[in-house]
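Several structures are given next for inspection.
Same chain, two partners: chain A is paired with chain B first, then with chain C.
Take a look at the complex of A and B:
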């Protein structure tokens, strides 16, 4: 069974908010340690008296979800399902800092209330007075996938439902500093468009929000169809990854045996990119491929950005030049495979079809 | 008293993140909740923390809270009457 993407909105380090066509030019960042989102004008979507309590990621999440709802013409969805790896970090840091600074006394309630992982989905529900199903999944690099899986399962039972489903994560200077010491990021400033060319350890941290309006019945104007998703945890080897991708494609019933395009989550970290290189030179050899993390950076729910990108490319039937791998580009995008992993631990596969 | 009211207004703007307001725009005699600034119960908690953190003052009962948190002026009067610092 396929699930149809009726509408999608992304807030990212690129000019993606409300975009109905792919940006002609990428946003470039030179000598940076992290990629942060280009923020929309919040007051167009959120009452300033309400927004004053919201941290940056909550405002981005609510704004993105409300834009997705508005563009899809749905006032109240049948469900709001979100996935986030690290939740609302800014408020978490503020709250923990306050505990330390005030010796565990006199804590301000707002950062605590707003720091929970389900703040965004809850705030969206409050904004539109939605009393329907509301859930937030947090499971590192499977967070968005689990949210999507929930939507897919519910749509399998009730195809007529409309599920607002999304992923979000933010990077803050505090979280960057801690994870930098863990060796997750490059130890020098980088230029985002050259991310794959450094051939060193570590990646470039990023952030983003993407929301999708999903339905189980095909309509005119759908962006793309999600045929299947799959996750797998800590594969033993690159060969196991290749085997899993092969099985996944077979399960998806690809008649030609190959997708028209593969979107990889290469992030410029040699320790993690080896999985991609292995299948590029083997199982998926000669299949056109592109990467996306030079546009949004690395974060737990970055696959939601890849899904937004894939859906829009399928809808537009166009691969922008800043994504091109440079060779064998397909004339049509009928089947697109996304393969991403987070630090070699959480691996995910998405299979999309043209509607 | 007027100096204390001005200081309190700035502190309220900061803790409640009312960055779009200037101290002059807050009427010290207007109700803080529902009308006036239109604050709610979470804001009340923030104001209670403000009083304790900045002035070392605790509100004893809910009734006292209602009276003290009625307006900026009532908060200032409570501080002036009780602040030993």
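Take a look at the complex of A and C:
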């Protein structure tokens, strides 16, 4: 069974908000240590009085979800399902800081309330008075995939449903500092378009929000179809990854045996990119491939950006020139495979089709 | 007809006991776990009662397993202990675990370690041991539990605040029904933290005394810590392996109150919808429910909203109700799983738990909770409610097989 992407919206470090065609030019960032989102004009979607109390990620999340709803012409979806690796960090840090700064006395509860991971999905429901299914997943590099899988399960039971499903994560100065000390990022400034050319350890942190309107029945104007998704945890070796991808493609019933294009989650970290290199030189040899993290940076739910990108490429039947690695690109995009992993631990596969 | 989903193992560690047997005797003897703060470091020690597990991380390590490090979050340690118990009871071997799913819920991840790290980090960005912060996220404990127990088939972590682990059980049941998993270990865990104690205290919903759910003079909740897991298996697996069935997950509902970020609507709209949906998926009517294990936090707002919703749905025939949070405290991300384990025990022992500390019926409601431990005949179906911030309301139904 396939699930259809009816509409999609992304807020990212690129000019993606509300885009119905792929941006002509990429946003470039020179000598930076993180990529941050280009924020939309919130007042078009959120009452300024309400927005004032919201943190940046809550505003971005709610705004992106509401735009996706508006663009799909659906007032109240049958479910709101979100995935986020780290939730609402800014408010978490704010509340934690206030505990120590004020020695646990007379604390403002607002950052505590809005620090919970389900704030975005709850605030979207509140904004549109949606009493339907509502859930938030938060499992590192599986967060967005968990959310999508939940939507797919429910659509298998009832294809007529409309599921608003999305991913969101933010980078804050505090979280950047902590993850830098963990050794996740390059120890030198980076120009985003050259992310894959440094051949050093570490990646470039990023952030983003993407929401999708999903349905189980095909309609004219659908962007793309999701044939299948799969997650796998801590593979023992690159060979196991190749085996998993091979089995996944076979399970998707691909007649030709090969997708037209593979989108990889290469992030410029030589330690993690070896998984991609292994299948590029083996199982997926000679299949055109591109990667996307020079556009959005690395974050737990970055595959939601890849899905947005893939869906729009399939819809437009066009691969923008600024995607990394593009050689011998195909004329038609009928089948697209996305393979991403977070730190070699959380691996995910998506198989998409043209509608 | 979708496949049935059976419970073949349960595990729990909470303030009223560190395994199923000790929890059961506390419930039977009316022994609450709510008491003074002992281990948690907070300015509210001596002032706010909590349902704390009086065992340090070091003591917990003794009951956990080798290869577990002393810098693991308490969340991960508690989770491992309870999940292991559930697996042992289900008799799952390493091959089943390899392909099993772990669907775990929590609300603040490894916040207990983050707090240790963050205090110094606030003033000096280079201070503290970074490994203390590495388990901050909610997925960390799930992965540590999975690694500890050899679960590799599917991993998922849910955070819908106080209803989190109800949604974990729901997802597990759904995946088994659809044949995506043969076995799912589902549940949740949260440990006490400064973050949550201060968070709920800033909202002014913590009782300075032991909580009094559904009492006219109730004055807030008591926080607690716990982990609880249930092993869910498909009917086919249970038959094939001739396993003992403890109960069935027969119904589930998830609805959003969409009223306010933290407060519940006065008419309990979300609660009404989640309970109604649970009845519908189970194919049951209101009169089929033998007992409701309520969310019953003891706050003014929740108990009124939930009580009104119960009256709307069950009308003239309200089943016996009680809140076991008067025993376990409100264990947030673990709460629904704790109450699921208690519901399974109630089904097996044909009993209804007392709602402790109750004396005066709420003037808005036409029913009072059960106040003494009761044995009943013909117990068939138990409903368990869990409601959270963000309006996330979930209800589950557990049935005798």
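Basically, the second predicted complex is superposed on the first by the 353 of 355 C-alpha atoms of A that agree within 3 Å, B and C clash if a C-alpha of one lies under 4 Å from a C-alpha of the other, contacts with A are read in each partner's own complex, and residues count from 1 in each chain.
Keep in mind that, in the parts below, a contact is a pair of C-beta atoms (placed from the backbone, for glycine too) under 8 Å apart; a residue touches a chain by one contact, two chains touch by 3 or more.
Remember, it's a predicted structure, so these values are computed and weren't measured experimentally.
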{"item": "Touched partner set for A:112, first chain B, second chain C, both or neither", "value": "second"}
{"item": "First (chain B), second (chain C), both or neither touched by A:233", "value": "second"}
{"item": "Which superposed partner A:97 touches (first chain B, second chain C, both, neither)", "value": "second"}
{"item": "Partner chain(s) touched by A:52 [first = chain B, second = chain C, both, neither]", "value": "first"}
{"item": "Touched partner set for A:72, first chain B, second chain C, both or neither", "value": "neither"}
{"item": "Larger contact residue set on chain A - chain B or chain C", "value": "C"}
{"item": "Interface residues of chain A shared between complexes with chain B and chain C", "value": "107-109, 113"}
{"item": "Touching residues (chain side chain C, partner chain A) in the complex", "value": "42-44, 107, 114-115, 118-119, 121-122, 125-126, 130, 133-134, 136-140, 142-143, 146-147, 152, 154-161, 167, 171, 174-175, 178, 180, 194-195, 198-199, 201-203, 254-262, 269-270, 273, 388-392"}
{"item": "List of chain A residues in touch with chain B within their complex", "value": "48-49, 52-53, 102, 106-110, 113"}
{"item": "In the complex, chain B residues that touch chain A", "value": "15-20, 38, 42, 45-46, 49, 52-53"}
{"item": "Contacting residues of chain A [partner chain C, same complex]", "value": "80, 85-87, 93, 95-97, 99-101, 103-105, 107-109, 112-119, 121-123, 125-126, 128-140, 142-143, 146, 149-150, 153-154, 156-157, 174, 177-178, 181-182, 231, 233-234, 345"}
